[in-house]
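Pasting the structures here.
The following pair of complexes shares a single chain, chain A, combined with chain B in the former and chain C in the latter.
The block that comes next holds the complex of A and B.
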């Protein structure tokens, strides 16, 4: 068990190290220098440009040797100092992100968990049941192939614009200021529903299909055939198949984390939901490089944490990993 | 020998044709490929030219209506369809190639090479692809469809590498590979002539999945404004539609075709994949 966890942990530490390094390297070695961009935007006289350049170089810590810049970057990351947002000047990036995170988590966590549970149940139910298999599974394929933003747009248009049941933008009504009251909480939930539903539906399709295919494999396995020949009730066999098929679905959850994060980004953009996703898009549109870097780091940390949680879930569910019977990661 | 080969081929075609999923999937794919090829000749309008009354619904003159600025949506749509296939095929192909090569080497060589490649795979696997693409694309001022495909290909390979590695390891233990090794064949040749042909059907399916994944990734990038800086694509159409208020104005003809097409295309790829799986794997033909 410790070997398994240790292996995973090494991967995560390596990934984090690599991600921070990428976060540091790319802005410095890509064509197109942010300092140059800002200078040309300011359109100053020649001597003023030199002064400004000196100021920026110092402000961004670009006036020290390159290895020192790298070390300083690490120190800053550990201090939680991700720089100052240009677009929301003079708010620190850390604070901007901290304000956005609750919204992102509020739509992501329930959508991930509920779609996984419901999708698996439904997929297991639909497998080898002819009419469900041939009617609802094409729908599942369609859902999982749908770009997240398009389903978001579709829901916003149908339920927001055409029917007028839900708002199509924002985390809460513009007329309100955030405070704790039932009215405000209800308003939050009202705005929360469509982005949540849109994420939920796309993921639901994927899990249902994955489970359905897994169950079909399992029902062909020797143990299932053997049980069947013994005359075991169908329900019992399906139950065993379901339990075995759950394991790859848990691994799948870890593999999907990156895609899900991407889905959250575009879904938030569609609904102008004030989470990390909308933040990234605004940062890109305003070329706010510190904010882009900060959001990148936070997505990585979030995905790593989620992966780690999935690993722990796997440990709990699969006894073989606990006893070290699976050496492979 | 030849007759035998012919027979398996015929059998494959027979089951392929009998498979409904495969038929539907391939039909949808062919339809859109055809549309991407001939589409631009069906419309007299330039995708960016202001040719009609702004924000008008589908009509005889403008099949899919016009945008906020009076551009022809149908013309944007058919022009945007080509890059979908280009980025999908090239990005998906590159991802398949990288993943397969790494999987073969790691699985066949074993030892410390496997250890290193496996760690690399696992690390890239955990890094969210989009986040990586995001930061790459954000800093690259001028982007083309080619660069987008390369980015996608270089980040989407890990799961393929992992799957190919596992299959290679199990094939490596088989007698015919041992025989090839004893007869003094070089490792590259063993992989290419003994191992790869046995996984061909699997590799085809991997490519199809990567194709679909690349299309979705590209659409996501285009949608958040990190797509190619020139040209039109379906993701870009959705971004522009959302940005210019197609939603509150209820201009459904502007944002439905691009998203629906991507969903149909990727869905068709997935269904083709399952269909192929059933054709290659007799156990699944069932029911």
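The block that comes next holds the complex of A and C.
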């Protein structure tokens, strides 16, 4: 088993290295450069511009050859230093991200886990039940085919604008300053609900449809037929089918992780939610190399970590994988 | 008394193009301890007949007929009521025995779950289970293994032990040997006889297209063609002195060991079975029968002769004439 985990770990390290390299390269392919943007914002005279340019290039470490910049970048990453934001100059990227990350995690983690759990439960429950099945199926396909931001906009309009039940922007009311009190926590939850719901609903549809199809497949499987011919109750057969149908859903969860991160970007943008997603959009618009790198670094780490957890979960739930690993090594 | 009596059983398949008459008015009976071979070509309805006695579910449709097990009617048309008869009264060794066990549950857990649903504790039946596993030479460790860790033969034996654990009155063995190699086939066949001899099961219906297997283990053979009974008689008589032209051709087409194709052409039956959607009128074999005559356009009667304990049934006009 350790060999299995070791192999997995090596793959993850390699993936991390490649992904971070790409993350470093991509922003630098953008036309223009961040210093230029800053200077044009400052609207200085020509001679002052040259001085400032030199200063900023040095400050951001952009005055050395490109390969040197790359090496410096890795060195800094291992020190936990992600550089200084251009857009929010002179705030360190680490600090900017640290402020945004709780918001993103607060909508992503519950949305992923709850939609997975609820979707699977509901899909399994609806499979082979006439009424539910014929209503769930179209609804599920509709939800899963819905773009995150479109559903977000619909929810914001319906519950925010038309009904006025929820706020449509921000992580908390503008009138408040972040502090720890029930009033503030409730306010946070109030702002949290719509972005969470729009992610949850789209993913819920996908999981429910997937589970429904898997269960039907499993109920047709030989072992289910055999149980039925031995007079086993429907509940036992469904239980077995559910357990077996869950395995591909776990794999699906790992595969979904990347798209979900993208979903967070658009959802946060729709609701102006102060998470990593909104930050990325801001960073790209301002050519903030360091902030882009930092945000994507966190997404990369998040996706890899989640995949690793799924790998381990798979080892626990599927005896075939487990025995395969323990038996041969 | 007869252990099983099936009277005019009709089981159709519902399809968009109409009913496929897979079992169309089948009548037979079995005495206690009998091993009956159910033989016929693929698609003749033999599996449908066997399976309908255990689990009749869509697209299968019960159309008519009666089934009596030890004198009491078996409600095969009622899926729910049948559940209490399955496993304990009628049981099945499925065609797909190699994939019949849930791959993600240990064998012991699977057994516990199934037995629990019948209100039996695993510990209660464990001594008997151990005896039977010893009998079929399955080590006890199998219980703590996952099905995917067992070999094909082991899975087959485990399913056989499980299916017969509650001493069912009737066991349906559906193509139990078709996926196995010859030596394992023989062992499985011997086990079926052994189970009968030890009274683990009341009677066995062995569904197969392998007539030579039946010759070794069956007491009687039931030959089916296109959803109908063609001939039923004791194994010895049926193989040595078949009366129905179909049985004659079927027996003649068996390859003999030692015969080489180059010297002796392997016999077959020309033509193919009729569509069961709209089966031909009269005898269903008449389109391929070498001895067909005008009379065959009418439904042949079931000629039954009793010879001591043995009943011989033939559905053919030729048989009628001989007895007239």
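Everything below uses one rule, namely that the second predicted complex is superposed on the first by the 279 of 329 C-alpha atoms of A that agree within 3 Å, B and C clash if a C-alpha of one lies under 4 Å from a C-alpha of the other, contacts with A are read in each partner's own complex, and residues count from 1 in each chain.
Here is the rule we use: a residue touches a chain if its C-beta (ideal position, glycine included) is under 8 Å from a C-beta of that chain, and two chains touch if they have at least 3 such contacts.
What you see is a predicted model, and the numbers here were worked out from it, not measured in a lab.
Steric overlap between chain B and chain C is absent once the structures are superposed on chain A; the two fit side by side. Considering which of chain B and chain C touches more of chain A, the answer is B.
By the touch criterion defined above, A:229 reaches chain C but does not reach chain B. When the two complexes are overlaid on their common chain A, residue A:95 makes contact with neither chain B nor chain C. Shared-chain residue A:75: touches no atom of chain B or chain C.
Applying the stated contact rule after C-alpha superposition, one finds that A:183 touches neither chain B nor chain C.
Once chain A of one complex is fitted onto chain A of the other, the partner contacts of A:296 are limited to chain B, with no touch recorded for chain C.
By the touch criterion defined above, A:243 lies against chain C but remains apart from chain B after alignment on the C-alpha atoms of chain A.
Once the two complexes are overlaid on the shared chain, A:318 sits against chain C while remaining clear of chain B. In the superposition on chain A, A:255 contacts chain B only, with no contact to chain C.
With the two structures brought together on chain A, the opening angle seen from the C-alpha centre of chain A toward chain B and chain C is 60°, to the nearest 10.
Superposed on chain A, the gap between chain B and chain C at their nearest CA atoms measures out to 8 angstrom in whole units.
Of the residues of chain A, not a single one touches chain B in one of the two structures and chain C in the other.
Residues 221-223, 225-233, 236, 240, 243-244, 247, 318-320, 323 of chain A touch chain C in their complex. Put simply, chain C touches chain A in their complex at residues 51, 54-55, 57, 82-88, 91-92, 94, 96, 99-106, 113-114, 117-118, 146, 148-149, 159, 162-163.
By the touch criterion stated above, chain A contacts chain B in their complex at residues 10-12, 14-15, 18-19, 22-23, 26-27, 30-32, 128, 130, 133, 138, 141-142, 144-151, 153-154, 156-157, 160-162, 168, 209, 213, 216-217, 220, 255, 257-259, 261-262, 265-266, 269-270, 280-281, 284-285, 289, 292-293, 296, 299-300, 303-304, 307, 329. Residue ranges on chain B touching chain A, taken from their complex, read 118-119, 122-123, 125-132, 134-136, 138-141, 159, 212, 216-217, 219-220, 223-226, 235, 238, 241-242, 247-248, 250, 252, 255-256, 258-260, 262-267, 269-271, 274, 283-284, 286-287.
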